[in-house]
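Same chain, two partners: subunit A is paired with subunit B first, then with subunit C.
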Partner chain A sequence: MSAELLRVDDLNVRVGSTPLVQGVSFTLGRGERLGIIGESGSGKTLTALSIMGLLPDNLDASGSIQFDGTELLGLSEDDLCEVRGNAISMIFQEPMTALNPVMRIGKQIAEPLKLHQGLSSREAADTAVRLLDSVGIDRPESRVRSFAHELSGGQRQRAMIAMALACGPDLVIADEPTTALDVTVQAKVLGVLKEQVVANDAALILITHDLPVVSAITERVLVLRGGTVVEQGPTDVVFGRPADDYTTQLVDAVPPMSTTANVALKPAPEPVVGTPLVSVRDVHKHYRLRRARLREPAMVVKALDGVSLDIYPGETFGVVGESGSGKSTLARIMVGLNRPTSGSVVVDGIDVSAGSDLRPLRDVAQMVFQDPMGSLDPRMRIGDIIAEPLRSLGTAGDHSQRVRTLLDAVSMPANIADRYPHEFSGGQRQRIAIARALAPNPTLLIADEPVSALDMSVQTVTLDLLKQLKEQFELTMVFISHDLSVVHEICERVIVMERGAIVERGDVGQVFGRPSTTYTESLINSIPRLDGGFLNA
Partner chain B sequence: MYVVRRVGVFLVSLLTASILVFVVMSILPGDPARVILGTQATPEAVESLREELGLNRSLPTQYLDWLSHAVRGDLGESVFTGQAIGPQVANRLKITAPLALMALTFTVLLSFPLGVFAAARHRQAGDNIVSVISQLGLAIPAFWAGLMLVTLFAVRLRWFPAGGFPGWGDSFFGSLKALLLPALSLAIVQSAIITRYVRSAVLETLREDYIRTARSKGLTRSQALWRHGLRNAAIPVLTILGLQFAALLSGTVVIESVFVLPGLGRMLLDGITRRDLPLVQGGAFVIVAFILLINLIVDLTYRLLDPRVGAR
Partner chain C sequence: MSITVPDQTDQPGRSRQWRRANFVAGLSILSVVVATAILSFFWTPFDPTRVDSSKPLLSMGQQGHLLGTDQFGRDLLSQIMVGSQTALFVGILAVSIAIVIGIPIGGFAAAHRGLVEDVVMRISDVIYAFPPVLLAILLVAAVSPGTGSAMIAIGIAYIPIVARVTRGASLSIFERDFVAAARSYGRGQTFIFFRHVLPNILSVLIVQMTVLFSLAILAEAALSFLGIGTQPPTPSWGRSLRDAQTFVQLTPRLAIWPGLAIALTVLGFNLLGDGVRDALDPKLEVDRL
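And now, the complex of A and B:
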């Protein structure tokens, strides 16, 4: 092994007297790539921020962090500023909010160069162009003048990588760098990250909840749980023969699509019968953009471009596609939250596209949204949240019995009805959201990315719950996700959407096993796999 | 396109405001003809004067007539003095506009540093002191602040005049000096409000991810605040500043009386007590136009600060 670059020894982080990180120790050699795996609350981000000296003010770190022979804990703020962005740099999860919205990209990349290398503005600007070029952004000389909102998610994260590597750091810390990106983009960005780190002889700490991502990039891995290290070692050994129960659990939670290169063909579902519950015919949804200049014609965005489909009673119907492909628009139109520009949508005999009085529809179709934090009113009690659909649908009387039944159905104790959403974890909140959706006893449940905001192990539990509820309440389910593995697991039939149109449809096993379009194929090949092969897809 | 749209909104608002001002004035009790002729006048005399003044025509006709003159700067004549209102308003505006703009400048100069200072020392002594000061500022009415300033700087120290206005032509610096204390009294109240907005906007900005990114690049706390935080924090404050300008202008009515300044506010006050409706109408319209103009400038500045505005 190469010379030691970083030695973290008995790191403890606490807020007041509550420990958040306890006794974390590890070392990192020059040019080595280490993965830190853990679910939310495991302390992985706090560990990273401790190394950067950027912990929030109310947190205290103790122990020792030796970087290149210097003790970082207790180093003065001035000295830390010399280290940050120069010898150690960081890449954050959400490039949209991590970049300054009102400063041009080039200027943001040039900033550490001027600060640490004393380059003039002109030299730094030239270097920024070169850096953008090296992370694979085309037309870098004009892109340096762009603002963050003018770039795509992938381009923004490439720009973040360029910024982190500007001063040729010895260590790059990447905190969930691709979690916010589409799979195909994730594969490319991870490729760039690895290539740039290697080209710069930098060491890398990659923090993520995604095991396949870690296995593709890193040589060693550290598994954190509740602020302590449960296991560490070479990545292939830890994932191949996990020694700890928790690691085993994490490895088992990796969806089957990510463990093998060949998607096992799912048995074909029973042929659909009867009349469709949902019937979508040639639906278009166009948005007219405001003109940027007087002489330009107004731009029209076709969010949906001639979509037709039938969903039959009792099936679980998957909708996959990248962000911007029209998945959520389709869902919103099916429950009447948006009106289509043209075309018809009929749900259980109710013409949703006419959209006069949609109240009868609320008894039939309900929706579960992605973000369980944002979709529950923080100032309403759980019981009121769940009973609200009943009240607004005019069902009189005391709903407390119904609320108890529903809470029980989603495996939550009945006595939480008096509490508020912030007291619950993401997974628990999503259960509450599901209970609310089930309140009017719908026949159709539309779930828009219901598990995307949840930790891997919570995802598994929530998916199992949805499967069980589907049987118990005899639901028809529409399951929308960018995550093919999840759809593969839960759905029988699926459509693949690209730019507002359905490009492929059929049984899940057939579509995922023998994709007929290159788009579907690239979606499948980009799924991170434990063998790491997706990076070269 | 954004600029075209904003200017369009400005013109439509201006037109709407002119209609509102006109309608409100005509609903108000008090017939201008009767006011001019006094209580002893015969109904016939009043009627003939109404005809002469065009008051017996339909409301829309009167409005269009008034508007077509107003766009050429002719706001009619005062029923009390018989003088043309346009030039009179223009003259008064030469005092009120600089007074308001000076007050606005003082507000920015006071509130931005104080707000940023308080945010940078969040929950420390400095923050609390600023908080107490701004509470005090909020509680003080502008006219009382004016009186205190006069007592201190005019009566005791004799640095500034206690009131009156020499005129820009006669003494430029004297005029500036005469506006200083009134502008300051207006600014004290406004700064108290704006300081709180600046403080919370900066605090909000400091919690943003891009500030953390900036610090991960090696910027110190204050470098991150100055280079990345301020411009972002200024965006929401600017909107408030535009809205508060209306409050500031209405404050001039009182302050001009306190400092005996012959400004637009004083003119309006006099016009109202004399039931000089055309004068009030003209004055009110010009004040509304001024407020709309400032908000147009705010909207256009917004575009300069935030590249996302008008991009879609």
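And now, the complex of A and C:
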């Protein structure tokens, strides 16, 4: 942390006359690791893009960005190209879109090497293999010949890290590098990132909304809100004794499971009684993939492989698992969006497994989707969106009163009925989606990752709302999430799924406190925690 | 990336003003064309079909003929004015045929993946593979040459185009969660297509429609030029171009003016298409107020 590497002074970014980043100043020493945290719209990505000189054309940046003695703002595109990928490199959030889908991984890693270091194709190819090896990709000699879609999400992000470090940069900027990954993969990728940055003597700017991730990797942290810096300082000090109200809010929004190493044992819920509301027996769901070659048999993916469970009236039932574990398929079968290949599913006495009439199911089971941007029809007004299920189910009469009641129930003002979804934030849209799901007065509400797309502080509020609505509308809730800490907070009983099968089930306190399978244990140990301990799991 | 740069179209920037200028220009051009068509029902400077062998190939301005006359002594301006009726008529009806049949086919294919989709799309491919002109010749041979046959042939030829565009745009919308939500509260595929999917692909379709509209006008001109479209004495721009052929070296004006009419109308539709697409986007409503 000797010499100063980067000095950002009074950075302002604006679109037209609207400021997006205002007066951001910070310095970064050689080899230092800095975290920039903030919620969506806080300007954290724009700050990073300004350093890289990659701002969209319609945005103007002013102020000063000194990198290693050179002023970057106002530098010509040609000179910036010298810096980018060489002295400064960037890791993006979504490696699938950040990697060129028609270029082999090895070639992509070799590209900056040939460009900036003048290596021959052969040398660059050898270096690519070595780099892939160093980020922990097994069989790197054959992996360099792969395309991006042939790698898993974690491998792709490792390849991105290898690419970013290829030219031995002085500064690596990582923008939400692990947000798109499963927790267990996230822990490993973050470990590799930290290790590689340290090994290469590079400085790091890590941009994320996730406080535990920042605390695990960085020494200093910058908190952004609405384009301005509200607090900065050593990571442990800022998170341990936040000076600013907003930082305090962020720290408080971290779920309890993420604050300490020990999962507080939840008291066992009251034993379930009565007949189950949902009864799933030995359900299989197979998808037949299009055959790749004419003579080969079509591949079959077993999304669900013999799942059985009972959900009792009035409980909140958690389903956890990583992507591809079949949890969304299970949800879609329970609301009748998909039919199981075999097995039986009975919801409130309605058989939804066979080719039965699903009509009666519609006012029993409703669903809340993950992405509130995609689950509301952008061409419909809010009032129509919420009234749609009522119209669909043939409820006669004027629905405006019901719409008002529902909006009130999700704490949204009644006068928004005439507006369109794009006028609302993610959290507000999710409330609207919840109101729509409640419109037919269902007994079963299935929430598929309902808070995953939301900012941390909005997550807390939305979870509280769901809890409150569950009481108010006497709902039974199925809560699906990859995020164990959220499930821990809201659910009473839980199942853990892996590759289409249930690997563990029981009370939340028992499953999370004393996991009986290594899979569950690794899930729990990978939860990012403010003390950073998860990296060594 | 979690970047929150506002949508480019949301800004009152230069590109948006440009688009508004396009819209106004397109609307102005088309208003003139439509007004001319309407006017020509009641009044034209001369009878466009009256042959007067005493004044062939008058140049512009002579004897009150603003754009002169053709080799048969017919007034060119009057012909172009009445020709706009044919152009609009063919454009509107051909495109209507294409969308009324093509949109449901495309939507049906998108809503029912698998075998149904394959069959529907392959049939439309077969029609697509047929050159419109050949289709028109077949139809003309089967029925009779004329504006009506040309129009129907053009309409049929465009059905697969509309069906393909509709299907392609619908596929991604059918994957969206609000469609899953609609299914979960009991809406059927047909309702979902018309109520949820169609409004979301309307902007794509409108742009496609304006392009087809201009193509239809061009196609009619081409068919009339070949002599299998609009039949004399009914004036049509393509017809005028055909008649000008013989004398094009001597009096290029006979080809230039009808050609200009075609070009301007096509341009007008294209400009209007861009503007209408913007106007239909609720995201821009705030901006408009």
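Here is the rule we go by: the second predicted complex is superposed on the first by the 529 of 537 C-alpha atoms of A that agree within 3 Å, B and C clash if a C-alpha of one lies under 4 Å from a C-alpha of the other, contacts with A are read in each partner's own complex, and residues count from 1 in each chain.
The rule we apply is simple: a contact is a pair of C-beta atoms (placed from the backbone, for glycine too) under 8 Å apart; a residue touches a chain by one contact, two chains touch by 3 or more.
It should be emphasised that the depicted structure is a prediction, and the values quoted were computed from it without experimental measurement.
Look at A:436: by the touch rule set out above, it reaches subunit C but stays clear of subunit B. In the superposition on chain A, contact of A:69 is made with neither subunit B nor subunit C. Greater residue coverage of subunit A by touch, when subunit B is weighed against subunit C, goes to C.
In the superposition on chain A, A:378 makes contact with subunit C only, while subunit B stays out of contact range. Of the two partner chains placed by superposition, subunit B and subunit C are both touched by A:92. Looking at the shared chain after the overlay, A:102 reaches subunit B, while subunit C stays out of its contact range. Put simply, subunit A uses residues 92, 94 to touch subunit B in one complex and subunit C in the other.
Across the complex, subunit B is touched by residues 52, 54, 77-78, 81-86, 89-90, 92, 94, 97-103, 111-112, 115-116, 147, 149-150, 160, 163, 289-294 of subunit A. Put simply, subunit C touches subunit A in their complex at residues 1-6, 8, 11-13, 176-178, 180-187, 191, 196, 199-200, 202, 282-283, 285-286. Of all residues in subunit A, only 15-16, 20, 40-41, 44-46, 49, 56, 58-59, 92-94, 175-176, 179, 209, 332, 335-337, 358-359, 362, 365-367, 369-371, 374-380, 388-389, 392-393, 420, 422-423, 433, 436-437, 439-440 touch subunit C in the complex they form.
Note for the complex: subunit B touches subunit A at residues 1, 4, 208-210, 212-221, 227-228, 231-232, 235, 305-308, 310-312.
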